[in-house]
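Order as written gives the chain letters A, B, C and D; numbering starts at 1 within each chain.
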Amino acid sequence: MASVVLSEAEKVYVVHGVQEDLRVDGRGCEDYRCIEVETDVVSNTSGSARVKLGHTDILVGVKAEMGTPKLENPNEGYLEFFVDCSANATPEFEGRGGEELATEIVNTLYRIFSSESTIDVKSLCINPREHCWVLYVDVLLLECGGNLFDAISIAVKAALFNTRIPKVRVLEDEEGSKEIELSDDPYDCIRLNVDNVPCIITLSKIGCRHVVDATLQEEACSLASLLLSVTSRGTFTCMKKLGNGSLDPESIFEMMETGKRVGKTLHASLQKILDKEESLGTTRQKVGFLG
Amino acid sequence: MALDHRRVPGPEESQAPLLYAAPGEAGTDAPGREAAALRPLLARAGLLSQAEGSAYVELAGGTKVLCAVRGPREAAEGRGRLLCEFRRAPFSVRGARPRPGPATAARERELGLALQEALAPAVRLARYPRARLELTALVLQDGGSALAAALSAAALALADAGVEMFDLVVGCGLCRAPGPGGAWLLQPSEAEERAAAARLTVALMPGLNQVAGLLGSGQGGPPESWAQAVRLGLEGCQRLYPVLRRSLLRAAERRAAEGPRAVGASA
Amino acid sequence: MAGLELLSDEGYRVDGRRAGELRKVRARMGVFAQADGSAYLEQGNTKALAVVYGPHEMRGSRSKALHDRALVNCQYSMATFSTGERKRRPHGDRKSSEMTLHLKQTFEAAILTQLYPRSQIDIYVQILQADGGNYCACVNAATLATIDAGIPMRDYVCACSAGFIEDTPLADLNYVEEAAGGPQVALALLPKSDQIALLEMNSRLHEDHLEQVMEAASKACKDVYAVLDQVVRDHVHEVTTLLGE
Amino acid sequence: MAPPVRYCVPGERLCSLEEGAAGSGTYTRHGYVCAALAGCLVKTSEDGALPVVSVVRDAESQLLPDVGAIVTCKVCSINSRFAKVHILYIGSTPLKSAFRGTIRREDIRATEKDKVEVYKSFRPGDIVLAKVISLGDMQSNYLLSTAENELGVVVAHSEAGAQMVPISWCEMQCPRTHSKELRKVARVQPEFLQT
């Protein structure tokens, strides 16, 4: 990851600031940076979203392709995650340099989507044992300025919200052979219910307090952080300690409380933005990277 | 899909017949067990002669983990590094042999990283500049709570290797029984783990009372339920600690008795 | 190509352009803050992102350092969702490696590398959406990013493709026209001095027509130049007024 | 008879800081001395002073080259600027895996550094006593120095293959051919000589 080198004095400055609930960029400990979300930015995909969180820039594309259901779940479709830590973010990621981080992110994504209620995978089934939709969720890391996991989870949720899967019908003739017919109407499509898709809240322990949405500088001051994936109802689907430090048991319980509180607010405002964009429909001015 | 032509190509995917077993056949082996009950644990440090340090941990009911530490070896980086590898023996899991491939490797890497991040706070890495410690945890048999057993074994192996540490690390696994209001069970068996709605592994440094690692996912319900699980897990770790400690002391005594240069006399 | 008319009798192409007309080119410089230079460019529906790091100390093995000039290091990658059919890998396949090499050669010809001996300049381009003319969009985006990074160049590098269908040279092919399999020329030009930085042609074209196609391509490159130049001037103007305040 | 030996494990509190000072294999935290190793507890008290609490293991297997340590190494290659060596021993403890080190030309001897030539000081295969002066940075490995009388070549073989005997601080002689070869010879201290 793009690393910043902080001197001892700088670290002390950051830690003391956090102690006073005043961070280097003027935020409080539970404030996010300004989040920019835009959906439907890549027209080749079934759904896409770009999220900019401070200097962290994420582009997610979802492609629905037809595949065969997994043997153990014959009447369900499934999601496949792929993360590309592109060299755009930092030259260290050139070639295979970003793979280690990419694997870590992919594993975390699988983990937070592992619970059955997250996405209704049954609706992705076309006909059991034979055809289903496979949603390839491809995450492209364009710039990293701290708090990758949260930004990625927001982008994934926005992209899944934006995803439109064409409706198909299964036609069966007398001999029992099946044929799949794609709907002619491009507006006739399945939408996914993303109400239960969680967002990741990473709480970084700095000094004896914790902050949400740490910048790169703050991440350099933090030895350990707690990753929580919180649904819109405030339940957790995943928790994980990150980093090479340890945490006090009491601070973990505090962090969980904060995570729940912040998570609920984050979900509410994200849903509001997505609904607003949705209501504008085609009249929306697409900004993309030109804005 | 790249095929390995040196082998007889089997089907692309295969399933163990266990999948089709009627529900309730398995998983009923411990009906109504007490939630806070721990499975008896056997720990033994220093059993491999080639590695600098090693440990073996077995949980009653069939989880067997072997851990070995090599190093400190020379490294290119300036700071000391701890490299952890988590591997499952091909015969370790119930049912079909896992197909070696990128998916399996990625899962093992996640657990390896969890192992590393949980042990790093306990090891005094500052004492090992320009060196790396290599740790391998091999799961011989997975009967549930494999990561927790690996964590305990890894800490024992590091201590056995004479690596300077702040504290030991004890791991404890938990899972939440399916259904609403399901209770959290300590150190679940493989069947319980498979049926569980949520799983959690906690790692504790018992002397310092610091949580070294936390990894869990699933439908654990509201934060209060998770918090309770963490508490329960930490308590479990505290209860396991004496067993691990004793095994380490025994290893130290054994070494002192065998070693020709017994230093005990100088005390 | 049966059933698809690439050039109508009235002289219009599938997307309604005239033969020598470019797709709409839109671009923005300075997209990212952390990189030394960055640019985003849309050429019709082809979208490319370029980022420049450097000149900086050699990364990795120092033995690759050139004692008299800077090493230009490129990587071309395509987002897995950029194409119609999902790509399995963003980079590292044969086609991407070839593109990487082409980019490297193009920019070695344009950047004044002798000013930075023993150092390295990284140019990373990413195709976000592919609709024909990927190489050209990448070169144009990378030019803007290099300018944004403040690295001295001999001239802009402007690239454009051209094809030849039904005895007419077509400028700036889109995906449909590329897929038709006709002859195709990709040209990277230093427009002020009319020097060719890279020229690639595939498929079969009669020698007599080559000049015509080249003419079309170089005209298209100069049209691209006009657009890029405007983008750069606007950007510089914007930056200087911001600084002036 | 010796008193019963107390064994301890990492993280165990041994005593408070008032009762003892932290020795090797221990660390201090919140005013207590805690064990960092699994081994047995040793208290050494010098008259009047606080007893030093340390934890020792049977074998010091985990030593790493540290700045100031005297190491024994084997020269593996030389060029005009430096000699590359493998560190084999730290003090009298063998290392399980060799660490690489470098002796730069200017660190070979203390005087007339500019006149030193590496090939007149070391040859590949020589066993050299040296001192660690730096752990090095990202590019280089351990930096060693032989700029002391007691440091330098201790064992060397002549071109004829016989082990040479030192005849001065800069020369060694082959007992078989009586040819002299140049080396930066260490003055081996008598206590290290095995009788």
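Observations
One rule holds in what follows: contacts are C-beta pairs under 8 Å (C-beta built on N, C-alpha and C of every residue); 3 or more make two chains touch, one makes a residue touch a chain.
Everything numeric here is computed off the predicted structure, so don't read it as measured data.
The chain with its Cα centre farthest from the Cα centre of chain A is D. Distance from each chain's C-alpha mean to the overall C-alpha mean is smallest for A. Centroids of chain B and chain C (each the mean of its C-alpha atoms) stand 52 Å apart.
Spacing of chain A relative to chain C, judged by their CA centroids, is 32 angstrom.
Distance from the chain B centre to the chain D centre is 37 Å, each centre being the mean of its Cα atoms. The mean-CA centres of chain A and chain B are about 29 angstrom from one another, to the nearest whole unit.
Multi-chain contact residues of chain B (touching two or more other chains) are listed as 122, 205, 208.
Chain contacts in this assembly form an open path, with each chain touching only its neighbours along a single line. Across the complex, chain B is touched by residues 2-3, 5-13, 25, 27, 29, 34, 36-43, 56-59, 61-62, 64, 96-100, 135-138, 141-142 of chain D.
Of all residues in chain A, those touching chain C in their complex are 2, 42-45, 48, 55, 57, 59, 61-63, 65, 82, 84, 86-91, 94-96, 136, 138, 140, 142-143, 145, 288-290. Partner chain D is touched in their complex by these residues of chain B: 45, 52, 71-74, 76-78, 122, 124, 127-131, 159-168, 205-208, 245, 248-249, 251-253, 255-256, 259, 261-267. Contacts from chain A toward chain B in the complex involve residues 70-72, 103-104, 106-107, 111-112, 114-117, 223-224, 226, 229, 234-249, 252-253, 256-257, 259-260.
Taken in their complex, chain C has these residues touching chain A: 26-28, 31-35, 38, 40, 42, 45, 47, 49, 51, 53, 59, 73, 75, 77, 79-84, 86, 90, 92, 122, 124, 126, 128-130.
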